[in-house]
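Multiple structures follow.
Heads up, the next two complexes both have chain A, just with different partners, chain B and then chain C.
What follows is the complex of A and B.
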């Protein structure tokens, strides 16, 4: 039986699935980051391939549209020499009325070794992990508002790359925490890795209840929330949240929670600015900051490939 | 058919009786408790030593899925499941397809149920036509057809003016109104108890205020109209406090809780098990403890199964996409016994919450054992342990969060109207 964290690791301490960062031990997180570090240089070579996953078949099962995450998973799999097939399930089987379980079982019958799953429902990756045959690994590429563990890991990789040690860092996560699987994964990882302080900055309408119990300090005033922080992690505000009963307008949101050069000046002088993308310029972040010297948003994308390679190779290595 | 039940421990909470005594049944009635009447010749003698004989269970919420939802379950399957659970009287909510909003539908259901073995079936009529929350139903006609109360099931009744009018109209004729206290706007989109667990898991919350706002509204409308209201499926400590205050004030309000809410909390949710998707949602341990205490002190009158058989397809999906509900009528007795054990409540008190107390809510002459009264009895082995497996259930719905768990207490005989409608050896 899978529980939410323990079931991701098998009896021998190997990673079976990657579903959430909640409950994953510090050594596992660091092992992913260290493995990823060894893969970064592969992307800079002329021949960007290693044979680690040769002969393995990986299915990218995207029940929810995505360009960036799907592409980086594809590239990561290809650089590991796996055969990778990306399925935009939303536009094929599901519209024909096939259930998710049927889709998964059909792909199993094609001798899949790994599923990379994105789905709009929280817990979808857990559901698939519970139903696949025991040799198949599941990577959660985003489930509803719950978790996006590879994004959380690549963010940790980026922070470590630019800041070194986690222990002295103050980190602010700013924006729509309520709807964000990225924020939840970041919080779990930052806590496990032991940063000095995790802050979340958002209006009350965009915070889940009980967020303090995850070990964060809540700020509603962005100028206070950013004061002295070493890392600013911005979150995307989706279009449909920009007006209605959560927020009055994108303009007022930018006024209160948009990252401008003036607000960034309150953070530590060498603070880095991160964003999981895609950015809404002029809504959650000003272009001057997004393109400025403190932004590490493009390196996040590059490191994302290495981190996903690390995760896939560790999962596949666990069974070979 | 004349039956003698010999040597069983008879527990009749309504009359405060608990002792080993024989019961003799004839012509659908309890002919005698103790020695057999002069010249009594039993056609069947049932050895009940070591077993408990209690009033047949009364379940305030069991969906039989007819009319219209026969792909989920049939009257035959669910009435058999009810009998297997020791239930001899049940009320079924109006959330069928179409809803029970016309006398013809109710008469047909009553007729079909009467011709099948199994419990006495008392439909709860729809409070508004189609459960759309707009037009009140023909409550007098529906009562004549067999409805014992009127309810909105889990359908939203957002318009408080309609609610007020419905309560006024029901109060005019003394019809009881059963309401699920949930503000449909505050609960919109929610699938789990709003709190730290749902927050961390990224599940949309149903806040406790969705229940308390609704209860506060209902209490004020009861004060205004004098309607008799039954609150279905209490879920929160704060809701229980409002209920307790209303009862202390003397308002005609009763309430029930689903058996699973006395055992489970949102702490189970990180498994994302779709069987835990329930309405109302499983709340915190503090809420569970308050519900348990409220049943023990009588603030909550009855424990019910909230039986909702579903087909596997709607549960074999991620948590948030699953349909809410659990099949529970066969677990009502063992879950109530387990609750009593955990809460330190006597066997008689436990049995009262699933027999005499729900019978009193219904205002029907069941849920007790008296000479000359209806022979509706549940005979169970209080020590028998059994594991909840799919194949162990008679209900067509195998959707229960208790699958795989071992429970104590199993029905041996269910006697309804003097007939052995179920037996297990």
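What follows is the complex of A and C.
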């Protein structure tokens, strides 16, 4: 099943779907980053639009709410001149009892060219990719705890932008790794791109068992985990996790795993701080750090548009 | 078929002599990547030139996709009301020019656009003609002409076969 990177790459080496970064070759990741670099300048022009995907129809299928990811996919599609329609499926057809596949087939009948899918269930985008017609591409915009490949790619773009080469970097991923599709995509990409060291920093209750098998070093003490790192990638602590037995309280979590200026001082002096958003200020990150000179959280958002433009144009190009 | 292209350096010198009268203080020189930018830079050095990448405006994107190493366009001047001289190395089907003119209009509305090319190889599919042509000839469809530049900045012209699946424009 994992031949051609899980069906994401066709026999000619062309990207057909983007579902997960796991198994994608280094050349493919670098091709996305290089293509994205050329799209950054379009966002800085007065006319922020190129005619590359003119006449293509892209459906953003969000079975789970999201503002930022949906918005950046929409902007990316519009800057490529595609027609983009965003559907919040939760609040429409699903509540009327339509299955996911029915929804997809109806949109296929409207001559869709691409689906961007966000779903609370792991594997949803893969499922859709297996059932769509062969000319349609699927982009996973986050499936359950499994993967969020465009977030992983925009994080890699951000790291390369600020740090240049991946090889010498020590990277710490801090927070709720257990529930985080972002963390999984980041770890796969960082491994493929060959950073010197990947650390995960989290309490035992927020780490999946066997995480070491992904090639990461595990730290439960944040002061140790951050020592000397070049990149600090914070994860969002989802509020609903606080209600269960996984964590004592937000205050306790902040004390142990919140990123403060004092803890950041243990990292390399020029370390960058990243966060996929939306941030819980005072829970996983202190405002002084989030707004401080080492934070690159807003550039992540800007680069996210260019990376999504790159992915969509690579999927749509050369198909006919 | 035996085709002889002229020597690149003398050709450039003669071409540059024809182009210079078109330049005034208000002319904005824009080269099409990559060969057109080399010609433009050498023509007006040390004045800055615009560099136009037309990859995002090509009409064959559906067939051949995107080259990952697209360099962004860089136009270090206003185009609104400008007198633009567009420069390319080889004029063939005219499709590159169509894309280039579209791209320019996303940056502004020039008052005038003129075109200077080093080589016009015939084979037009769109109604574009150059104001200045260095060398004119009909080349068969399977040939590929490329302008090269060595480390010292000297030009050379090479004649080869078209790459499969990719067509010059």
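Everything below uses one rule, namely that the second predicted complex is superposed on the first by the 312 of 320 C-alpha atoms of A that agree within 3 Å, B and C clash if a C-alpha of one lies under 4 Å from a C-alpha of the other, contacts with A are read in each partner's own complex, and residues count from 1 in each chain.
Simple rule for what comes next: contacts are C-beta pairs under 8 Å (C-beta built on N, C-alpha and C of every residue); 3 or more make two chains touch, one makes a residue touch a chain.
From a predicted model like this one, the values you see are computed outputs, not experimental measurements.
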Chain B versus chain C as contact partner of A:38, first or second or both or neither: second
Which of chain B and chain C A:134 touches, first, second, both or neither: neither
Partner chain(s) touched by A:22 [first = chain B, second = chain C, both, neither]: first
Partner chain in contact with A:14 - chain B first, chain C second, else both or neither: second
More chain A residues in contact [chain B versus chain C]: B
Partner chain in contact with A:52 - chain B first, chain C second, else both or neither: second
Which superposed partner A:317 touches (first chain B, second chain C, both, neither): second
Footprint overlap on chain A, comparing chain B with chain C: none
Partner chain A, residues of chain B touching it in the complex: 194-205, 207, 270-272, 274, 313, 316-321
Partner chain B, residues of chain A touching it in the complex: 1-5, 22, 99-101, 119, 121-124, 126-127, 131, 143-147, 181, 184, 208-211, 213-214
Contact set on chain C toward chain A in their complex: 53, 55-57, 61-66, 68-74, 102, 106-108
Of chain A, residues touching chain C in the complex: 14, 31, 34-35, 37-38, 40-42, 45-47, 49-52, 313-314, 317-320
